[in-house]
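Each of the next two complexes has chain A plus one more chain, namely chain B in the first and chain C in the second.
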Partner chain A sequence: MDREEFLNAVKDALVVGDKETCVNLINENIDAGIATPLDILRLGLGAGMTEAGDKYESGEYFVPEMLMCVDVMDAAMEIVMPRIKEEMKKKGTGESPGKVVIGVVEGDIHDIGKTITASLLEAAGFEVFDLGRDVPAEDFIKKAKEVGADVIAASTLMTPTLEVMEELHEDLEEEGMRDKVKTIIGGGATSDEFAEEIGADGYASDAVEGVDAIKQMVEEIKMAMAELEKRVE
Partner chain B sequence: MAGHVTDYNIVFFPSGLRGTFDPGTNLFEVAMKLGVDIATICGGQRECGKCKVVVEDGLELLEDMQPSEAALLSDDEKREGVRLLCCLEMPKEGKLVLKVPESSRLGAQRLQTEGLELPEDFVIDPAIRKYHIVLPKATLHDDRADQTRLLEEFKKEYGIDLELPYEVLTYLPLVMREVGGKKKDFDITVVVMDGNKVIAVEPGDTTDRCYGFAVDVGSTKLAGFLMDLNTGKVVGVSSRMNPQIPYGEDVLSRITYAKKGMENLKTVQAAVIGGLNDMLDEICEFTGIKHEEIYETVVVGNTAMHHLLLGVWPKFVTFAPYPAAVRKSMRAPSASLGLKMHPNGSTYSLPIIRGFVGADQIAAELAVDFFNNDEMILELDIGTNTEMTIGNKDGCMCVSCASGPAFEGMMIRCGMRASNGAVEKIRIDPETREVEYKLIEGITSGAIRSCSKFRKVETKAIGVCGSGLCDVPAEFLKAGIILPSGQMNKELLGVDPRMREGPRGLEYVIVPAEETAIGKDIVIEQADIRELTLAKAAMFAGAYLLMREMGETVETIDKLVIAGAFGNFIDPESARTMGMFPEFPLDKIEGIGNAAGTGVRKALVSRAERKMADRFSEECKFIEAAIHPDYMKIYPEAMYLPNKNLDLFPETAEMLRKLGRIK
Partner chain C sequence: MNSYERVIAVLEGKKAEVDQIPCVNTVSTATLEFMQKEDAFWPDAHKDPEKMAKLGAAAHKYCGLDNITVPFDMTVEAEVFGTPIDFREKAAKKGRYLWPGAKRSVAETPESIYIPDDIANTKRVAVISKAVKILKEEYGDKAAVNVFMVPPFTGLSSYIVDTIKFMMAMKADTPLVHRFMETLTPPFIEIANTYADAGVDMITLHDMGAPCDNISPAQFEEFVFPYLKQIIAGINVPVVLNICGRTEPIIGKMVECGANAIAVDEKDSIANVRSLADEVTPGYPIIGNLPPKTVIHQAPPEVIRDKVKEVIEQGVDMVAPGCDFWIQTPSEKIQAMVDATAEFGKKQK
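Let's turn to the complex of A and B:
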């Protein structure tokens, strides 16, 4: 099996949600050096999640199919991630597109959408810090500070917990963090207008949209940084 | 679960129904399309003058009144801003706020009114009892105080030590002497609550006039039953939309409004109390019973409705872990709630179980009578939040699942409430895909108001209601219109003209425009199927987990009963085929209609039932489906039709195999 065949097979196994095949493929080939762990992440798993996301957008896939892909992704990442970290250590710095702190806000326990988003982000190469569900605003901020996050992504399905998102933004302001990190909100109860109302940087109606929006945010951050550097020079 | 209400340019109160329509659209059609409860005889032909509305906002946007409209309105009405819907069109811009006065409403939503009698062997033991007593008149030889006289004579006659409160003592002397006096013995009736507490004394013998009000406060609909406390018979029924709807379509957004401050909470509370008072007025007018003859009200509702009705601070119920503020049964003076009944009467609320399992579920448990049953029963109450209880006399367990409002017609493009013009049944030939449907027609609030004066208007389809929507996934699946994954079958594109590319993906026409009252095809689109499968998957996961935690299976459970507004109307086979619950044999499935209504009526006339309710609240175990460790496996699998795990659905799988829908 050559590199391309292998990466395609990984991708296809993920898209159809075949965990066993995907994991076996990676286990059998990762040490042979057919492809680097980073390639497996980007061109195998990442490409697979992108394809699944496309299928979701076109209506072919729905929540259960996405969750199956997430399940495969999680299992594959357990093998791939430690090696990527090792590789990064050797090389010095790794180039991740960005760091995202993600969670379902305090008072809400519905986390399927958040879980899919986190997995898609991982597949896109982001460093993801998933805080789970029922996460107080202060925990988002603490984690974002600790890891130097580029983006905070907060989700809620229920209307009453919308106010926690508002709190999150107020607290960020108070902590003097608001211009250091971008925010995006999503989940059943949220909307474009609400994002604007509380001053979030972005809103996404589903996981796929969320990842696209976050990619763009990070892109903007990078451009702004580059701009800044230029000026300093 | 609804979040922000999307934009709209017309809203009808008190229903809160709203939508966006093009300029020039006739407002009567708009009302029909939205399912607004509005009276008509002529069907929008500008003849009967029944479809009166008050324009609360946007009067200046409307065209001036034409003679044909003016002829149908009185001068008073014109001054008050009353207009006729059928004579108006959507303005070019701006927002209309219209109020449909009670007189223009039919109250025409389908309310389950039959089968209101209690079982024959039911023991009537209400909290309120009237005792007639004749007290010897006061003389020089018997100069006991009025208070002493009543207490002593009552004890002699009935063996009860009365508690006579201050409020009654103040006017006792007058009542005692109203019938009787210097020459005649004192003839009075004592109204006693909970065995010995006097709440009123009345002159003469009024024992045959003793009434109570049982109310099911739904987030969408209020249902009230006036009962004769001597006989346990229902003497009057009334129902209407919950007037809280303008403050939020679902319970969560309603609490979001209320929690902004005490003022808001009071507003929301006053809205529902106002609705109950309107119902009392209606029933009293119809039956000739006076408000003062109603001594007790018993209410049930989900936890949010319960808190909002009683004015209990509701905020924290909506935050995980969703703690209720009040759990136990309680009594509030009706005067402080503002209910129009006897001034010293009171309102008793049944207990609740958890934040998302309220007194309405307790009432449903009373209706099913779990604790007196040898049979193992699984009860489902389908709604925006679906609650289920499983159990028998040895104990029970309940679960709540956030199923969403899809089966109530919300979030569904052509969904509507169960009123005239709603498609309530759908059959599709699995081979030819020929669609047959049945409409709800001719519903009136027949329980107490005769609508025979209305000429029958030919009903045409407007949308699809819950029971119709319940047929959709099953019939679509059998006919191959959708695949077991819930995806629209794109292979039918170009083969079946009813399958087409719509604005939001594939859609399938179930009623062509020419057969509708709205002049547009009634369709089911991909997103609708997704909403329905999400809802049914949540219900399945709840039922499955509940059965497993209780150690029961479809074989060991004797009966599956489906309650809720359309419990009696959904087709159990359709529900089973789509996999709304594990695959029970059809003869074990039974619809029981408004179980909360049945339960609250039982509680009104029986103290034993209230004790039972307290026991349910104490003993019924509770599981939260969404955080169960297996939920993330069971829920997604249940999004397939009937389920990803076909081993759970052997009969349905066999049927689908024969039709060639699965391998």
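Let's turn to the complex of A and C:
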């Protein structure tokens, strides 16, 4: 099996939700050096999650299918991530595109969309801090401070919990953190208008849109930083 | 005709006899203003039958909504089947009224689900039955009393079983999903008929976990449809099947479930739902679908009026919000929806 065949096989196994095949493929080949761990993440697993995301967008996949892919992704990441981290340490380059704190707000336990988004973000190379579900506003802020997050991503499916999103933005303001971190909201109960109303930086109607929006946000942060550096010079 | 007669006539398939399209909400009608007016706040109103009845009746009493609905949340059945519930007491003390949720999902297998022996007297089934009796005494022939329930698919996938495990089993272990559904279907029917015995006029099955945003039409047909059909056939009073989210691809199946009406939210247009339902059963009663937040809560009364006019023109048989009232909704907005329904919903005789 050559590099391309191997990466495609990893991708295909992920897309059909075949955990056993995917994990075996990686285990059998990762030490032979057919592809680097980073390639496996980006061109195998990452490409697979993108393809699954496209199928979800187009209505071919639904939540159960996506969850099968996320499950494969999680299992494969356990093998690949330690090696990537090791390599990065050796080379002294550990740059991920950005840090994202993600969770479902307090009052809601529907975390499927969030789980899919977190997985897609990881596949895109982000450092993801997943707080799970039913997360109070203060916990988002605490974690964001602790890790120096670039983006806070909060989701909810249920309308009564939208208040918590409002609270999150108010608290960020109070803590003087509003300029330091971008926010994005998503989930069935949210909308573009609501994001604007509470002053969120972004809104995404689903996981794939969410990842694209976060990528763009992080780009903006980097550009702003570069601009700032130029000015300082 | 009064509120009660209009709603019941539509549900009994006699909509031609109705002089006026009713305005209802088949799920939670609780708002902060109603809690204040009736001194019936959450979480007390979830557990105290007197307060539950007062809060449930408020939208009828103050705004003329044509039905009364209890309870106000989705965890009643999950609690009966052994799921620990967080009633958000802490948030309520700070003046924030959040919906109750499961503290955690405890059932790993169908066999491990707790099925109580005396279901009629378990947890809030007894509270709701008592609230129904209170409401029937006061509003018996004036407004239709509705209890909304969370059917097994949504109950299992959202509260009772870990959501991700349950949803993955739909791909990885389909017999397990069927065993879960088979386990809960008979006791669920028993709960519904406890309310029927208490005198409830209608039951709404709110299967919000089953729209096409979550599962495919094929999965709906395999894992949801047969059980809803069995449940609806087993309930002794009229039933509304309410699924919020995208439902156009499953409207036909929803009609075939055999309920007396279906309710949909704003993700689908009433015009499309009307024609899809008509393909299966011409004239089948449909209920919907004003957006509870962006229109009823936030828009000015003129916009509410236009929206009511639009859904009536497109063929609803009862005007309703797509889902629960947004909790901060001012009463005058609910009034605007009721008034517009009265204005545009007169039937020509």
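Here is the rule we use: the second predicted complex is superposed on the first by the 233 of 233 C-alpha atoms of A that agree within 3 Å, B and C clash if a C-alpha of one lies under 4 Å from a C-alpha of the other, contacts with A are read in each partner's own complex, and residues count from 1 in each chain.
The rule we apply is simple: a residue touches a chain if its C-beta (ideal position, glycine included) is under 8 Å from a C-beta of that chain, and two chains touch if they have at least 3 such contacts.
As the structure is a prediction and not an experimental result, all values here were calculated from the model.
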| item | value |
| --- | --- |
| Three-chain arrangement built on chain A, chain B and chain C clash or fit | clash |
| Touching partner for A:Leu67 - first (chain B), second (chain C), both, neither | both |
| Which superposed partner A:Gly132 touches (first chain B, second chain C, both, neither) | neither |
| Partner chain in contact with A:Pro97 - chain B first, chain C second, else both or neither | neither |
| Contacts of A:Gly17 with chain B and chain C, given as first, second, both or neither | second |
| Part of chain B, among the options 60-68, 114-122, 168-176 or 294-302, whose backbone runs into chain C after overlay | 294-302 |
| Common interface residues of chain A - those touching chain B in one complex and chain C in the other | 59, 62-65, 67-68, 106-110, 112, 134, 158-162, 188-189, 191, 193-194 |
| List of chain B residues in touch with chain A within their complex | 1-4, 250, 252-253, 255-256, 259, 315, 318-320, 402, 485-488, 505-506, 526, 530, 533-534, 624, 626-627, 632, 635-637, 639-640, 644 |
| Interface residues, chain A side, partner chain C - complex | 17, 59, 62-65, 67-68, 71, 106-112, 115, 134, 158-164, 188-189, 191, 193-194 |
| Contacting residues of chain A [partner chain B, same complex] | 59-60, 62-65, 67-68, 106-110, 112, 133-134, 157-162, 188-191, 193-194 |
| Chain C to chain A touching residues, read off their complex | 88, 91, 96-99, 101-102, 158-159, 163-164, 167-168, 170-172, 212-216, 219, 245, 292-294, 323-324, 326-327 |
